[in-house]
Amino acid sequence: MRFFSDNAAAVCPEAMAAIATADGLDTAYDGDRLSRRLSEAFSELFGTEVAALWVATGTAANSLALAALCPPHGAIVCHRDAHIQNDECGAPEFYTHGAKLLLAEGPGAKLTPEAVTALLATVRDDVHQVQPAALSITNATEYGLVYTPEETAALGELCKAKGLGFHVDGARFANAAARIGCHPADLTWKAGVDALSFGFVKNGGMSAEALVFFRTELAAATLYRRKRAGHLLSKGRYMAAQILAMLDGDVWLRNARAANDAAARLAAAAGADRLVLPVEANEVFVRVSPGEAAALRAQGFDFYDWGPGEARLVTSWDSDGAAVDRLAAAIAAL
Amino acid sequence: MRFFSDNAAAVCPEAMAAIATADGLDTAYDGDRLSRRLSEAFSELFGTEVAALWVATGTAANSLALAALCPPHGAIVCHRDAHIQNDECGAPEFYTHGAKLLLAEGPGAKLTPEAVTALLATVRDDVHQVQPAALSITNATEYGLVYTPEETAALGELCKAKGLGFHVDGARFANAAARIGCHPADLTWKAGVDALSFGFVKNGGMSAEALVFFRTELAAATLYRRKRAGHLLSKGRYMAAQILAMLDGDVWLRNARAANDAAARLAAAAGADRLVLPVEANEVFVRVSPGEAAALRAQGFDFYDWGPGEARLVTSWDSDGAAVDRLAAAIAAL
Amino acid sequence: MRFFSDNAAAVCPEAMAAIATADGLDTAYDGDRLSRRLSEAFSELFGTEVAALWVATGTAANSLALAALCPPHGAIVCHRDAHIQNDECGAPEFYTHGAKLLLAEGPGAKLTPEAVTALLATVRDDVHQVQPAALSITNATEYGLVYTPEETAALGELCKAKGLGFHVDGARFANAAARIGCHPADLTWKAGVDALSFGFVKNGGMSAEALVFFRTELAAATLYRRKRAGHLLSKGRYMAAQILAMLDGDVWLRNARAANDAAARLAAAAGADRLVLPVEANEVFVRVSPGEAAALRAQGFDFYDWGPGEARLVTSWDSDGAAVDRLAAAIAAL
Amino acid sequence: MRFFSDNAAAVCPEAMAAIATADGLDTAYDGDRLSRRLSEAFSELFGTEVAALWVATGTAANSLALAALCPPHGAIVCHRDAHIQNDECGAPEFYTHGAKLLLAEGPGAKLTPEAVTALLATVRDDVHQVQPAALSITNATEYGLVYTPEETAALGELCKAKGLGFHVDGARFANAAARIGCHPADLTWKAGVDALSFGFVKNGGMSAEALVFFRTELAAATLYRRKRAGHLLSKGRYMAAQILAMLDGDVWLRNARAANDAAARLAAAAGADRLVLPVEANEVFVRVSPGEAAALRAQGFDFYDWGPGEARLVTSWDSDGAAVDRLAAAIAAL
């Protein structure tokens, strides 16, 4: 009974079926009929014209987005706990050719305009320091918190005022959108977002994420950067197929809701005292003593410790209902 | 009836089946049970201990290999017509942080020790010039020629004498091995090769290529470079599954033979006078006038022009027998 | 009466005279008779065999040293207030091709083994994070503190234990050595230092800093990196001349002592209550109200504010004695 | 009697005097009163508003210019024998983060619109190839030939038509301008040039070259790149002083004329049959047998062999008249 990462979940049937039916001779790279539908499909979803491309990982999506927004001699503001800072082995530095990440603070890996403003104030406006060129937030955050449209828009306004590009790492964008129930536009371009890494893999895809540019002119150079990074797959139709299948009929939302619901059940079972943070998406951070953690593991539950006395439980689109019930009961019984 | 690229071929049934059965909860990235079998499987195939990892494209495999062999202030010797020079949008320069490609000459994109030696002789041994650190050849070449074990070994000896790392771009390594019928070791480590980009996608895979290091110590830093490049997929088991399925029962060789055979039939139909180069793998370069090319296209055959008065016909593992027959007949009838 | 930076000081007579006498036809780059003496001169100074090369700036010296010690996918541990982090516009990231700086804490920009160990403990040993490869300290620090031989050696031992290269940014190494009065070896190779940026410009030079490798094998690739960075000046003899002239007869120590002495006089005048930090080299950080700062400026003293309620006063080899006396009196009179 | 490189010449008295008088306390970096005059001085010289900055080497000037004109995924067209290709250890690749140099042909390292057009025609307009973004020529060329204003303008028009930035490596721009006798504007902005590396070091300077942007908006990011490359010297006034002194009273032209005249005398002595190329600047390429070369060296003349049966003789602003006469006589007597 695995709760250690949504990365480990299975591929959802819709995506798998689309991969199978994508087979058959078509043009290579992203010239096929499926890949060519991607921008249109996301434009429809977001209700505005966007440029969208597939890549194989969220790391690549994030890094390509950041390279589009920040020069090598610039800086990217993000949270100290951001995935781009801690879990991508310096991919943003690689793709931007050495831009610097400036780290802001905030509970639950969530940034506020105040925190960003305070960080920006530490940078002198001279050639001896890299100048901030972009802000990157993660929604839902690495700690399972969700930015509302209003919170996102407040950051978007700050970006506009300061001349920063605005990127959202949406590895769990679906979980955020499902939680809030708003139109995806409200969490993105209407809130000033320039580029979104729209995650599908954690949510039931196999190997395709979408990089969505709301400033469509950013896509042109990105196509070269994607190829140059070895991310223009020969048989792109299998990439596009996954994404299109999960957009179709809002599978992406349905999957995310399932994961969020499972997390909510765990949270309810844990109770407020055990929760390190509110549970707003599909991650549950609970206070457990080493003995309690061992007891849970002895019952067959697999999860990561997350700092001393804390554990991270991650649910996914295919979290087994019975397993969730059993874990909920086990936590309640601690 | 498409003969423009083996990139456009379908996924072979063995790979597709393996993808389906790879499903189910397992560890993320390359910690899963399939990915962990990769080095062993290739060690068995090559008859020596190797370190193997999957990546999503040949461009990534090539660039990671070159980054392992050449410092930023070094140079890579390759053929003027090499894929790494002409078709990867500068990926080798990106991954090596700016190494220079030095271009040697030779018919059919094939290098000889003499050509490489002549090129090396133009480089002064001083800090004002980047110093050659690696040789990269393509087998089968971009023009469908094949390096024999002896030819490869001669280059390998030169590399050893000159202190160069030796990389083989094997996007069509299967076609070369199938053609020659030798043990894969004879085309690689026994011939002094340090790193091989072992192609599966053109040969029936979906999205996985293997990077095989015969100098296993090169893999350690490469694992970081792969992650840093966004090429460590979350659900790596779907990558490993394709490769393992195609190694199993020598599907990779059977597929390559099918492609080679189809090319041979086209070559026979074309006749020596029409052939620009001998047909040794799955690419056929034929002399056709613009009118003849138009006539073939009018009959439903799709292919690329390749310079004035020449066309490139590429066969693949799933080339339709009837279509090949029809094209052979059409060429013969020109 | 300027106290804002030792960067603004004049060129000392010995260096200027050496530049004049370096004139005359000689070989270009670093093949001339002066440049070829550099390694020998520093080997003599340090009492061990070193490889030394000139570069035009401390930023270049630091970045070349770090590039020699850290791969692109590695990390460099330094203080949050380090020059390499805050004042070089990302030069370390440029030269290392995107290595990450990990920031440790400590008063006065000074690091301890405990602080470094605590930072290292936050890094997971997996491919998702850049792995620490080097430690860089500044002696004297950006806040005018000095590492003793013992303190340096303790960090050197930690580096050895953790497999980190050890770099010292010695933009004010002369001031540190003059303060301590030890043999320069005790602050460098005997304490485990691998590479030293040995500053001359702040100390009376015109345009030459020395990069000294105590692990001489690091110099070979650095020569290529220096050329590649455009730092191999055509007429290198004018660079070497400055450095050799300042090594000769220990001008470098004499100059540093003069600067340190001037700072000590200011410190004594300020008194312990006004001093933000002990004054150990040629920088004095004093608590002054905005009104007091304005009063000093009205008397003709030029200096930088350094955070709210603080000012930085920097002395140099040529600090005018009368001006120092007047500033000392003015501070005492506040 | 050295004729191997103008890099080895002495510093001219005007530059040396300016260095001496630049001494004295002033602001650091490029904020001093001399550095701040640079753009104005070059604007006056060129008769249009330019942005000019000093750097320590021609390699840095060239690379910064190219980085301003070409993205990492772009390409720079230059001659196969260009200094940026052969003598800078990959500095353009370093500064541009891996752009590719595309090599065109032409006698005497000189490019024509036809040669450039032919090269451009080989590049496919798709993401698999780096797209040309800039043209770089050297005037005077590496083989001592000079582009006329008309020839330069023809290339400038091609650049405009093709959307390429236009850079001139003017390590010997003074020699070219002196030869032609035109206004410097005619060889630069009036001919469509965007950026000029204006050499002073070979022409009597000590350590300062000027990078002149005719599209002034290119300077802003370049200031960051210069700092980031470690090329923002602390005591910039000594850099600016050299350049301003050589602009003042057209010392730069006078020095170049002296070098050109000396070369012309050698050329006349050699006679047309011995000359490999016309002598238009300060480099003389002569056909000499190994025995003849040895004979010249036995008489005390120092120079480089330049391919089999050829030698390169370089004169400089301070070429000794008597030595030139003796070499001329010695060549004539061969």
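We just call them A, B, C and D in the order they show up, numbering each chain from 1.
Throughout what follows, contacts are C-beta pairs under 8 Å (C-beta built on N, C-alpha and C of every residue); 3 or more make two chains touch, one makes a residue touch a chain.
Owing to the predicted nature of the structure, the values given are computational and were not obtained by experimental measurement.
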Interface numbering overlap (same over half, different under half) for chain B and chain C: same
Chain whose mean Cα position lies farthest from chain D: A
Mean-CA-position distance for chain B and chain A (Å): 34
Computed distance of Cα centres, chain C from chain B, in Å: 50
Whole-Å gap separating chain A and chain C, where each centre is the average of the chain's CA atoms: 42
Per-residue overlap in chain A, given as positions that touch at least 2 other chains: 72-73, 88-90, 94, 97, 127-128, 130, 224, 227-228, 232
Residues of chain B touching chain D in the complex: 72-73, 75, 86-90, 93-94, 96-101, 127-130
Residues of chain C defined as touching chain D within the complex: 2, 5, 7-11, 16, 19-20, 23-29, 55-61, 63, 88-91, 94-95, 201-202, 206-207, 224, 227-235, 238-239
Residue ranges of chain B touching chain C (in the complex, touch as defined): 71-73, 97, 127-128, 130-131, 221, 223-228, 232
